[in-house]
Amino acid sequence: MKLRTTVSALALTAAMAFGSNAAQAWSLEEAAKPYEGTTIDVVFLLRPGYEAAEEMLKDFTERTGINVNLIKHPYENALGEQVRDFISGGDLDVALVDLVWIGNFAENGWMVPIEEFTSNPDLADPDLDLEDFFPVTLDAFGTWDGTVYGLPFDNYSGLMYYNKCMLEDAGFDGPPETWEALKDEYGPALTKDGKYAYALQSKRNETQSADSFARMLWPFGGSFLDAEFRSNLNSEESQTGLKFRQDLMQYMPQGIVAYDHAETVNALAQGDVAIITEWSGFASSLKDPNTSAVADCIEVAAEPSGPAGRKPALGGFSLAVASQADDDEKAAAWLMIQYLTSKANAEKYLDLGGVSARQSVYEDESVRDKFFFADALVESWQEGVPEFRPRFAEWPEITEIVQEWGTKMMLGEVTTEEGAEEIGTRMEAVLDDAGYYDGEKPLAQ
Amino acid sequence: MSVETATGTAATSAPATAHRTAQRERRLWVQILLIALVILFCIFPFYWMVTTSLKTQIVALQSPPAWIFDATTANYTEVLFADGVGYTLMNSLIVAVCTTILAVGLGCPAAYALARFEFRGKKDLWFWFITNRMVSPVVLALPFFLIVRMLGLLDTHIVLILIYLTFNLPIVIWICTDQFRSIPRDLDEAALLEGASQWRIFRSVCLPLAMPGVAVSSIFSFIFSWNELMFALVLTRTYAKTAPAMAVSFMEGYNLPYGKIMATSTLIVIPVIIFALIASKQLVRGLTMGAVK
Amino acid sequence: MSQSVKSPSMPGRVSRATLFGFLGPAVITLALIGIVPLAFAVWTSMRDYNLTKLARQKFIGFENYVTVLNDGAFWDAMGRTFTLLAIALPMQLIFGLGIALLLHKPGLGFFKTIARLSLVVPMATTYAVVGLLGQVMFNLKYGVVNQLLGFLGLGPFDWLGDPNLAFVTVIFWDVWQWTPFCALVLLAGLTTVPPEIEEAARLETKSWLTILRHVQLPFLVPGLTALLILRTADTLKLFDMVFTMTRGGPGAATEFIALLIQRVGFRAFDQGLASAQAVILLIITIVLSRLYISFFYREVHS
């Protein structure tokens, strides 16, 4: 552990040593030989991490002869597209799994556990090293009910981005440490002259449930469900969090319920808002003078903590081999997934605009210097909650309920208690239907 | 202003006529003003779309919005050459043209039969045709998906072409039935007496006279297919992806490249407008919807 | 319409073969493409059919229908849809008629041609694009609409973030897009009025309202009926524009019936329930169209 700086040098030797034990040195080219000419289909999103991967796949195809057909979709369509493909035995060979889809995909048997490949010395990279992934990312993005299906690929943590210049002008020499400080001190001081202290993206889609609703639940000790899988939204802690969100709205721009990521990031980038809590992936565009009018002022920190701890927003995607693929495609898909998420390629992935979940890459001083968000990211991933949003198969139904009533709460159409009641009743009906209450299904989230 | 001068000069000669001329002129100006308003109302969003497509992201998100700015064509080069919008426009064109030809080819004879022949259940048949237009695509998208997948035709043009018939055929039949009805019967009765077959009467006598209706229903078929989104989203992926599906795919909540979205939108809208403008003379003549001349 | 023609030759009577020759291809095509998926939808509507839980799908009879009929969200969405129809359609018809009358008057030829051409633009604009454009133009901060209203000393309004204003925005775009269509159909209707009748009427009265009511209106009835049917059906199907603009929000302010069905069927994946909703929607649409036709189309079609 203390040998960090020499790790990269040693890695090579280690790989050689492993290799010689296992008959011959493992190499991607050798492993891919039988699958040359295979084409694999995978759904990609239109986000920076995927552009980075697309760039890397050129090298992959050149070295392996495996072609990758990318089907690009915006996030909101990606789940539907994959579900339809899987139920009809379509052509997708890789599943792109958002952490909230994993229970769904696993229960339907659409993904192959990685064990099938890691146990095959011809396919498994000896340097795979699952322990090297931040545990919370592997647990949340890739694992369901104790089985690992996918490797963390496009990884996010919620971070706090702030405009240092605005904070300094108001007499603060650092960002808020706690949510209370944000509301009680930074809020009043920074909300003036048409500028606002904070913006919380709350548009009625996954943004409302993941970025807005859940973000206020956890730091205050709240949660969606209690241990018996009953709604926990009317608990004192959950209500404190939801009420806090209502209070905080006075320091947010008007019309916050129409803000998606783009509007929120833009509000900070145009200097209209002092603080936002957004995904790690936005770091580069906020620091880029071409897309940000206040690039020099932007700094980043871990999200504020609440009474129950930091509990930052957690999100991200893993890639898993799809069960419907034939054997060649499965092997080829595995090699691609392994390549994209490997230790060796982690820095390249970062350089191209992705965010790697490999711990080893952030141990390198030069990497931590090059990527100004690295420290905050590493800190956040120490404290993430895997069930930040429940990951079971029923989430797609439940998120729709949360989105509708969550925005209604913010608009003041219902009180937080009424809204929580509505969500609770509907959520429990969905869970009841799914068989959680009569013991048909294990209480896994 | 000219209203005043008109009143002034006219008042000296004959007050009564002058008054009337002045009134007429005032009315004319009101008319011009109203028409200008209509034009502005119709065109302004289009204008804004085109100008936004010429803005960089920072300018597009500027507050207050900029009316004068350094125009850039970067969005167009990017969507056309890097993102392949040109290819999707081609797909849209193939699908829209084919489905329009099919809809007109199948719809006109049917419309003629509905307008001219007597048979039992005619009204119900007409109504059944129209009903197809009313089915919400949300209902049919999944069944279509499963059937098409079974046939191995996912992501092909032919599927969209056929499916678009479900809402284009009704509109063709509707408009054309009304057009055929408005053609005086004596014409084909005369031809019938001369021994012409029904098919000949349809082709050589009635169809030419019903051209405005055929033209209008073609325009609508084209517009409806060109603009369709839901089926295109569900049934295509890359090979047959249409332009509207492409425009929406830029709409990742993560990042909204307004310039690119509007550039794509402009590219989508312009061909339809051109097509519709060319045929706009027919538009009014063909839309009589069954009013008998 | 042609019952009156009772000549021995019976021009309307043709052989079955001829009839089939004309009608067969269209009927068969539409039946094959249209009926099979619809039958499938009816079948799924009677089943517990969730795409992510296909393992436990089963026949449940009319349970989905009962759920829909008792579902507040469904009727709320229905209510919103009909509210939209009730507000937008009259506006489209009145503005459309106004524009048609304006363009029907003689004179100002070239100017009117331009106007007629510009009417084509809204109609030809892709619905999904209209929604995207709505996001740009009605944005609270960088939207041009608030800027223009600001010149008049109004606003700024939170068009897309306020539930009522979001609804107004949807109405605006629906009116923008479909008023020209109404205008063109009605203009076409006006051209069918025989000029001699119109002129005679003009000699008798100066009131354009009287002329409209007694001379022109009868010729406009078929067009109006067609518009009623088409606009009703299209409003009940309205999806693309709202989806790209507000996605049904904020809250549920713009969740119209097609958005609700899409949400249930394609986002929560409950295709059984979504199909039941869609079938009910279809029945409502058909009943309404029947009503329209029997009320207004009678003279023309009997």
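Labels A, B and C are assigned to the chains in the order they are written; within every chain, residues are numbered from 1.
As a convention for this text, a contact is a pair of C-beta atoms (placed from the backbone, for glycine too) under 8 Å apart; a residue touches a chain by one contact, two chains touch by 3 or more.
Fair warning: this is a prediction, and the values are worked out from it, not measured in the lab.
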Response to the item:
In terms of CA centroids, furthest away from chain B sits chain A
Worksheet item: Comparing A-B against B-C, which pair counts more contacting C-beta pairs?
Response: B-C
Response to the item:
Between the Cα centroids of chain A and chain C the separation in whole angstrom comes to 41
Discussion item. So the centre of each chain is just the mean of its C-alpha atoms; given that, what is the distance between chain B and chain C in Å?
Written reply: 14
Practice prompt. Could you please state the distance in Å, as a whole number, between where the Cα atoms of chain A are centred and where those of chain B are centred?
Written response: 43
Worksheet, complete the sentence: Touching at least 2 other chains, the residues of chain C are 141, 266
Worksheet item: Which parts of chain B, given as residue numbers and ranges, touch two or more other chains?
Response: 61, 63, 142, 146, 248, 251, 256
Discussion item. Can you pull out the residues of chain A that are in contact with at least two other chains?
Written reply: 80, 84, 203, 205
Worksheet entry | Residue numbers on chain B that touch chain C, as the complex places them | 28, 31-32, 34-35, 38-39, 41-43, 45-46, 48-49, 52, 60-65, 106-107, 109-110, 112-114, 116-119, 123, 125, 127, 129-144, 146-147, 162-163, 165-166, 169-170, 173-174, 178, 181-182, 185, 188-189, 192, 198-199, 202, 223, 226-227, 229-230, 243-244, 247-248, 251, 256, 258, 261-262, 265, 268-269, 272-273, 275-277, 280, 283-293
Worksheet item: Which part of chain A faces chain B closely enough to touch in the complex?
Response: 45-47, 69, 71-77, 80-81, 84, 88-90, 203, 205, 207, 260-263, 265-266, 270, 281, 285, 290-291, 293
Worksheet item: What residues of chain C sit close enough to touch chain A in their complex?
Response: 51-55, 140-141, 158, 160-163, 246-252, 255, 263, 266-270
Practice prompt. Using the touch rule from the top, collect the residues of chain B that touch chain A in their complex.
Written response: 57-58, 61, 63, 142, 145-146, 149-150, 154, 233-234, 237-238, 248-256
Response to the item:
Within the complex, chain C is touched by chain A residues 79-80, 83-84, 87, 104, 107-108, 203-205, 253-259, 272, 393, 396-397, 400, 403-404, 407-408, 411, 413, 434
